[in-house]
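Right, I'll just put the structure down here and ask away after.
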Amino acid sequence: MELVLKKVSKTYGDLLVLNEINLNINEGQIVCIVGPSGCGKSTLLRLIGGLESPDTGSIEARGTPPPGCLNPLTYIFQDFSLLPWRTVEENISLVLEDHSLSAINRNEIIESVLQRTKLTEFSDRWPRELSGGMKQRVGIARALAVNPSVLLMDEPLSALDSQTSEILLNDLIELWKKQNFTSVYITHNLSEAIRIGHKVVVMSRRPGEIREIVNIDTDIADRKIRNIELEEHLWNLLKDEAIAAERELENG
Amino acid sequence: MELVLKKVSKTYGDLLVLNEINLNINEGQIVCIVGPSGCGKSTLLRLIGGLESPDTGSIEARGTPPPGCLNPLTYIFQDFSLLPWRTVEENISLVLEDHSLSAINRNEIIESVLQRTKLTEFSDRWPRELSGGMKQRVGIARALAVNPSVLLMDEPLSALDSQTSEILLNDLIELWKKQNFTSVYITHNLSEAIRIGHKVVVMSRRPGEIREIVNIDTDIADRKIRNIELEEHLWNLLKDEAIAAERELENG
Amino acid sequence: FAQDSINVGVLRFTSHSAAFIAYEKGYFKEAGLTAKLVPFQAAAPMAIAIASGDIDYGVTAISGALVNLAEKGAIRIIGGALTEEKGVDGQKILVSNKAYASGVRKASDLKGRSFGLTQTGSSFHYMASQIAKKEGFSSKEISLKPLQKVGVIIGALKSGQIDAWSIVPHIAKALHKSGGAKIIGNVADYIDGYQITTIFTSKNNATNKRALTKNFLAAYSKGIKEFNDVMIDKKRGASAIESTTRLIHKYVYTSRPYKKAAGSIQAGSMRLQPDGRLNLTSVKHQLDWFKAEKLVPASASIKNLVDTSYVKTY
Amino acid sequence: MGKKKYDYKPVPFRGSGFQFKNNYWISPVVFIIFLILWHVGTTIGFISNLVLPKPAEVLIAFHDLYVTGDLYLHVGASLKRLILGWTLGTFFGIILGFSIGLFSLVRAGLAPIVAAIFPVPKIALLPLFIIWFGIGELSKVNIILFGTLFPTIIAVYGAIDNVDRSLIRMGQSFNLSWFSITRKIVFPASLPAILSNFRITAAIAIILIVAAELIAAEKGIGAYVQMAGSLFAIDRLLAGIIILSCLGLIANWLIGFAEKKLLKWRNL
Amino acid sequence: MGKKKYDYKPVPFRGSGFQFKNNYWISPVVFIIFLILWHVGTTIGFISNLVLPKPAEVLIAFHDLYVTGDLYLHVGASLKRLILGWTLGTFFGIILGFSIGLFSLVRAGLAPIVAAIFPVPKIALLPLFIIWFGIGELSKVNIILFGTLFPTIIAVYGAIDNVDRSLIRMGQSFNLSWFSITRKIVFPASLPAILSNFRITAAIAIILIVAAELIAAEKGIGAYVQMAGSLFAIDRLLAGIIILSCLGLIANWLIGFAEKKLLKWRNL
């Protein structure tokens, strides 16, 4: 599926958060979004996923989701959003129960995503008994369970140690190679963005606008672990924003 | 202040989380803890801060907190723990209200920490109106407000974009240079650990044990932005753990 | 021949014994009625239940509710039951020990004192105002305290929170004997031939089912006669008293064993009007009083209240 | 999920519902429809005059109340008892509820007693109330006090049980005093449930005014209603009930107002 | 914070309190102390026999109840009405509460009506209840039904207002059906408040059994208490009240048990 954003703006009260965002997210592309804290990344993602509606502009989805996809536009939330009254397993089962799947089928899916996120052992724990990273992995497992055609990820690896996040990042890449899903990926880790993105969208400080879009043409499979030049480039873009923001604060 | 952990163990139900941890945290030292997700880092921090009590072993504090310190052992929580019914400003004021400060004094402190965390503009917002990174900054501002003599930080920068986290990291370093506080710093970002730590404690997978303690003798002020060798070393230590854990899962 | 079925509302008081006897001894059956006794906790719901058609016949004191329901065309009085007569042991005027100690010795001392009632418009209210009238002061000059239940009034009287009350003799005597309060007079001295309780039914039964109503009254009167003979006039000897007391105990004081209940039942027995005669003069007097107190509409008429075609009236 | 390959369609908005919109016009409309049905039903005789009086009759009863000046006396007397009883009951209820919610020892000792005394019907206790508290204002206020006390206790400690423990840990980590934690964390966190309970206890208090004014009350809406009931004067009965109803609506509106002011941090 | 330079002391444990410990022994102890005080007080005459009967007298009343076999009949009759009335009231209350909580339109139309009818005293309506529902079981059950219905409605929609909206957004993002969100997110999130409210409605139901059994009830604890009250037989009055109290305790225990089972995910 393909997503097209045209002149999307969003205001909260009298706070303009997003200002005329134009963005194409092509089928099978992973678009990474980076930008200063509070610039509107999560808001943009909520708009794309249809959880909020834009004040002006339009967001359109093109194409049909592939067969076997249970929820075309799927989220991984920044604050996990686990139901405290459901165990790990049941939290994942939640998103499958509305679909006509056999119990066996459902259990297979749950087992597979738990294994991929290394949570098998904790399948019957309550969320309050999990560490921060484990909660985030449950969120990821839940999203993978519905086999999404567009995956909307809000800092999905932020609470994870570097090893686990490395493993899950590789997992995501593997998954993408197999299924070629479309994805919007918010991160504050530039090397992550460069590793997995076809496009890196750099947003300006609030009101969020698109400052630059960097296309990365190397095949994802062929990328080096680190691409220092590109990282430096993005880093400088963002630093300018940060400095400008600081100056604004000092003057106003 | 100095902290001494002797043979500290902790079990949840029948899950052994920490196994005989011995650790010295010297006065004015920043000790970074890294380790796989769910290995017991947050639990260890809770024990050090006295929020939970160890099953066996002892945790002792030595020395007196410096004057002007309002709360010797202070936390920055992984899940922010902001009170939803208090605005940003009031959330910070909360931890000052129990101390006999003049209103002017209190407001000065609040203003200063809000400025340091770039939140001045948002001082009268409800937590639900903040982005993830902004919430984390409120948590940091709140901890800074009490001028702690030991700062216990649980992934304080994980939800922040790289620029903001860079700024706040520098801020922490500046603060440390001025006040020489003692600190335990949990992170999953190895370069962060190497930037700020006098000691990096690498923990093994659950049951959490100390696998290695790396001392970094370079003065914090003199460190390069990146220390690739050391990062590689830590990375390999952790990867071994991850691989071992994976093998265990496959076999058991 | 075919039996008609009726529901008879009763309160678990000795004064309803006529219904218990008629039922237990089969007098209703003899009259061609399949009767069912429906016990109530209070008189007011019984009157309303007759209006709603849930029960057919009942016996209670004349109250504001009764008059109002009659005015709405729901019920009719068809006979009399308990009556006060001069010379026969009747309701007593009681004062609390505290009031007695402070000098209340006769009814004329009640001026400015408080008097217990169940409810505004109840028979107690009527009695209090008649006592006041006869003693020559206005009923406004005694403060009336509605306390809802007899039990509550007893408590208030014993603890001296109200000064006076009027009540049936067996309760009054028991209180007097136990030292809880003092008897200072008889109600019969203030009200002539007070018709305390009446037999009543729905307007529909009274006008459209005359045969049924007559049969009911016949059976009920038989119960009244037996009760008066055995319990009041003691014409049939101790064993009859014993067996009738046992019969009544099936309905009254059931939560106490027979031995404890028998005394209370026998002491509480009061004469019922033979043949269900009705003192119409007293009823009229009461109706006028209700009107004067503005408890019922001024338009209320005795014709709507009483159907005089069933029993002798005087 | 059509079969066509290139359909262009806007992303559907999924975040609707479960949100609170104001439709102020509805409740007056419902009310007026109800009034019309009532009037027509009683006028054509579909509803018997035993079941419900005509609206006009109720109006006349109101008029009588107003003309004689009794309205003011009745409402005034009842309001005084209501406000005093409810305030005291709520005050002690919150204190006891907090004690049970915060101290294990108190909970063990008091919670069963509360559970045992709460279901005791105050009307059944009227005889004893009179002995204990007399027939003056005290016993009337006490009936309302006890009626609101117990539900408040239970709601408050239920709310405290439901407070997020991690926020309390946060307060402890900053060495906030026990009192500060209680006042600044536990209390605001349980406030929504406590306010929601106020709606219930306000209604209970109004219900109990009738029971309270069974005792030797000369004035008061409860006494008025009670007298109307015992005379089967259903026009006056309904007039009294409508007054009680209005008191309930006013209380409800006040609580709604307090909720808006005190809970503005919630994202309804 | 002493002045010494090198004091060695363990980090103080700050995470205590605000936690729930079981002290099962306390409530029996409190109960026994209470019994002893009662016995001694009434025996030495410190408490007059007008104010409270002796425990022994209450025991005799119990014995009488038991011997005559009435105990079983009374409790049985009341229990049937209680269970039926409470279950129906709770059932409809939850349904209506959810409707008000979930649909803005229903809220606008129904919430004011609920607020208006709730404070109407059921005792005052007794005369009308008889006309409307007769003198059989129906009117008795209905009194209890109406008594539990309104507090349940209010508690349920209050609880729904308090559900964390971000969890609902999560459900919507996975395209869960409206029904699934209601059943799997809104319902469990409001369950703690609903269960806490059960304690209140159970007690209200027991309180109302006395009012309900004013209407032509032959058997029932309410009728028994009522009868005892109208005779000022305070020994029997207390016996009846103790039975009601025990019913309340049993209900409370059952609800506590349900809370333990259904809310085991909470970290108390």
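By written order: A, B, C, D and E. Residues from 1 in each chain.
In this text, contacts are C-beta pairs under 8 Å (C-beta built on N, C-alpha and C of every residue); 3 or more make two chains touch, one makes a residue touch a chain.
All values reported here derive from a predicted model rather than from experimental measurement.
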item	value
Touching subunit D and also subunit E, the following chains	A, B, C
Minimum number of chain-to-chain contact steps, subunit A to subunit C	2
Chain pair with the greatest number of C-beta contact pairs	D-E
For subunit A paired with subunit B, centre-to-centre distance based on mean C-alpha positions, whole Å	26
Where subunit A and subunit E are represented by their mean Cα positions, the distance between them in whole Å	48
Chain centre separation (subunit B, subunit C; CA means) in Å	84
Set of subunit A residues in contact with two or more other chains	49, 51, 73, 79
Subunit E: positions in contact with at least two other chains	14-15, 50, 126-127, 131, 169, 172-173, 175, 226, 229, 232, 266-267
In subunit C, residues with contacts to at least two other chains	44, 48, 51-52, 65, 149, 151-152, 155, 159
Complete list of chain pairs which touch one another	A-B, A-D, A-E, B-D, B-E, C-D, C-E, D-E
Residues of subunit A that touch subunit B when the two form their complex	12, 34-38, 41-42, 78-79, 115, 118, 120-122, 129-134, 137, 154-155, 158-165, 167, 188-190, 235, 238-239, 241-242, 245-246, 249
Of all residues in subunit D, those that touch subunit E in their complex	14-15, 17-27, 29-31, 50-52, 102, 104-105, 107-109, 111-113, 115-128, 131-132, 150-151, 154-155, 158-159, 161-163, 165, 168-169, 172-173, 175, 178, 181, 186, 192-193, 195-197, 199-200, 202-204, 206-211, 222, 225-226, 229, 232, 234, 237, 240-241, 244-249, 251-252, 266-268
Complex contacts: residues of subunit B adjacent to subunit E	3-4, 46, 48-53, 58-65, 72-73
Residues of subunit C defined as touching subunit D within the complex	44, 47-48, 51-52, 63-65, 68-69, 72, 74, 119-122, 145-149, 151-152, 155-156, 159, 161-162, 295-296
In the complex, subunit E residues that touch subunit C	50, 61, 64-65, 67-68, 70, 126-127, 130-131, 134-136, 213-218, 223-224, 226-233, 236
